[in-house]
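Chain IDs A, B and C follow the sequence of writing; residue 1 opens each chain.
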Amino acid sequence: MSAVDQTEVAQRLPSGIERGAIDCDIHPALSSTKELRPFLDEHWQEMLAVRNIDGLDLTSFPPKADLFSRPDWRPKQGKPGSEIGAVKADVLDHFDLKFAIANCLYGAQAAYNEYIGEVLCRAINDWLSKEWLDKDKRLRASIVVSLANPEAAAEEIERVAADRRFVQVLVLAMGEALLGRKQFWPIYRVAERLNLPIGIHAGSTYRHAHSQAGFHSHLVEDYVVQSQGFTAQVLSLIAEGVFAKFPGLRVVLIESGVTWMPALMWRATKNWRGARIEIPWVRQAPAAIMREHFRLTLQPFDAPPDPADFERLMEHFGTDEMFLFSTDYPHWHFDGDDVLPAGMPASLVRKILVDNPLKTYPRLVEAS
Amino acid sequence: MERHVIAKTSEIPPGTRKLVEVKGRQIVLINTDGEYFALLNRCPHQGGSLFHGDLIGLTESTEPGCYKYSRRGEMLRCAWHGWEFDIRTGQSWCDRRTRVRTYRTAVEDGAALEKGPYVAERFNVTVEDEYVLIEV
Amino acid sequence: MSVIEEAKAAQPAKTRLKVIDCDIHPALRSASALAPYLAKQWQEHLRDFGIRARDPLNGRAYPPITPALSRQDSWPESGGPPGSDLNFMRKQHLDAVGVEYGVLQPLNPSGREERNPDFGAAVCRAMNEWQVAEWTSQETRLKASICVPAEDAEASVEEIALQAKRRDFVQIFMNPRLREPIGLRRYWPIYEAAVEYDLPIGLHVGGNTGIPTTASGWPSTYGENHFDQSTGLQVGIANMILEGVFVKFPKLKVVVVEGGLAWVSGLCAHLDYYWSRLRQEVPHLNMSPSEYMKQNIWFTTQPMDEPENRLDIVDVFESVGWDRLLFSSDYPHWDGDDPNFAFPATLPKAKLHAILCENARNVYRFETR
């Protein structure tokens, strides 16, 4: 990477950073369920073929849409993100990363049958380990689980977390029940004990419509209403007392956008002052809980590209600790290398690229 | 600070409250089980009425689903947005920096005090009933 | 009446604020108080079956933190629930606050949510007649909203055509939550009628549709559900924009009621961000979503957002647009705003005046309609 001009420091990744940036959201892709075959037992290998269990791409992320496949990151054949050589060149080497956290969005966790969900998630975790983590020391990964059986999910987390290259538990933003519910607490119990954040990634399992409006017509609206979906999850985790019960738990909101959150902080705190009697285990203002327990990945940075707006947004957030650098590769959120928002001061670059991710993912510190 | 007679104790039995005016200020006088408390009738949030709010106990919790109840009748909820105020200190439960103006109350024998109309400017002695007076 | 209200009412008129309140909730004294406005067949139906919505309970399945969702001091001495007594409303609110015009938004019963379609249409008609008979004809400061059975676009258009002639009515009352996204074409006849009769749509939070109030199902607490009212508005107007309602009806005015304000600029940014990347999917949009927001949509101010740094609210006002803000109290609800206290004291008088009355005058055109 070329030497960096001082005036461009906020737009390009400074190559002089000591330890390299940490990309908290990249997407390795399964070309097909067949790739999971080696990680399945005989019965499931057979079922895959006999029942033609395949094509489990989430409709939330149509692989051919430009938004999910930046043209210069699109391979000549196959899905973007499916080939490790390309991932190394396009992102690990290109951005001079110290680490990148792989979030696999293959939709096994959306399967209605709990056993298919569990078995395929298990296979995905093993595939990530062998086909990705083993092949590049910079890669880390999130443990994929199905929420259909939270006890089984907790066991899977325990199993996979023995490999310390797994740094997070991954769930989708729109599921069958709100994530604060007690039924999911076995997952938070084990995640807290193992010091793994819960990563909530944009996307829907279609157990309900994308919003309380119902099923809208356009894909673009799927994306727009993700922020309301994330809002409901944040409120649920707080209101149900997940952080009262698991004070060490951290949650990372991945690919959520950022502009929706300050309004939530203010309004949730305002409501709490009057409605505290309903949730007396919430003993701090919700805004304070959000600052302490929640983090957001940088992309998509959906604020207007005006430096003054960036500054104001940071002031409204009231902290610079919440943001974690991400490219969201191979989704198309920025052109060229313009991954950092306009107006981000140089003083914040290292914090967002390195310090905040290291604090959020303690397992990364072990390796560095 | 002056002390003002504001009511007879017999007017405010335990568990009741009265709205009074002293020196142009509206004050809520509360009798909780024989103890008197007086608060300015103006929520520091947006000026709502405290006089009309519920007097409730304090519910605390460290465990979701567990409700630990104490201090019956000592938290006054603003009639508007429901903020809880500790009647002993005037402090908002949620936001410790926010306080309602409180007034010290004392129950005294009527002999030391001026008789009605409840906004006393000076002391006269009567020995008929127990009076409640406040410092303003 | 509280002594504060007495003190306010005693102020000489010229020192009081002049206010147009874009969200006041009148209430029936009881369910049976609607009967005189219903045909006999429906009176009997009301008596025997009541209102049936997509709701498990007759009472509230999310019990609110105050009875009737209302301020504790708003129960009229005459009996009846908050908002049911015009004289009490005059004393406690209209006179005390200095309301020049107040826009009524009747929430219950909702003919729109009623599952029996013919009864629902009858209830809407009855609510409209009730508003005129017991409110606007008795108090010229009050204006009414046309209740429509929105799931039946044809019946809604009929009701609008009937009521729009009366100057009592200044808008059409809808919720952002209907059985399908409100921007879908099945609801467009209502928007067409709104434009034809030059009436804004008052899009008031709420709507019981049986669709869970979040994308991950039903929340557990009243607090979450209360917040979801606001997100319901957000997704509703996002849908109206993206489905092309404002392309088809560029003159349609929508007033977003009781949603709060701080989310508006974030939603605009978010909408524009994704639209710019998926434009080919929605070629019917001629301009960016945020431009439609600025062209067609106004926002009432209650519940006032409370940023930690109080003056950040000025950023919020600026981001929504000084001419898009319409004061509302939400009287008699618990989370209402008093115009004397809800705004920072440092707000320039001209801007405050616009928010408190001039913007609403431009949108509703009370005298010139």
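As a working rule, a contact is a pair of C-beta atoms (placed from the backbone, for glycine too) under 8 Å apart; a residue touches a chain by one contact, two chains touch by 3 or more.
In this text the structure is predicted, and so the values were computed from the model without any measurement.
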item	value
A-C against B-C, pair bridged by the larger set of C-beta contacts	A-C
Middle chain, criterion being Cα centroid separation	C
Chain centre separation in whole Å, for chain B relative to chain A (CA means)	52
Inter-chain centre distance, chain B versus chain C - centres from mean C-alpha coordinates, in Å	37
Multi-partner residues of chain A (each touching 2 or more other chains)	240, 272, 274-275, 277
Shared-contact residues (touching 2 or more other chains) in chain B	81-82
Of all residues in chain C, the ones touching two or more other chains	65, 334-335
Residues of chain A touching chain C in the complex	65-67, 173-181, 204, 207-221, 223-225, 227-229, 231-233, 235-236, 239-240, 257, 259-272, 274-275, 277-279, 287, 300, 302-304, 312, 315-316, 318, 332
Complex contacts: residues of chain C adjacent to chain B	2-4, 65-66, 71-73, 334-338, 340-342
Touching residues (chain side chain A, partner chain B) in the complex	182, 240-242, 244-245, 272-277, 280-281, 283, 285
Partner chain A, residues of chain C touching it in the complex	65, 176-184, 209, 211-224, 226-228, 230-232, 234-236, 238-239, 242-243, 260, 262-263, 265-267, 269-275, 277-278, 281-282, 303, 305-309, 312, 315, 334-335
Residue numbers on chain B that touch chain C, as the complex places them	19, 21, 26, 41-42, 46-49, 51-54, 77, 79-82
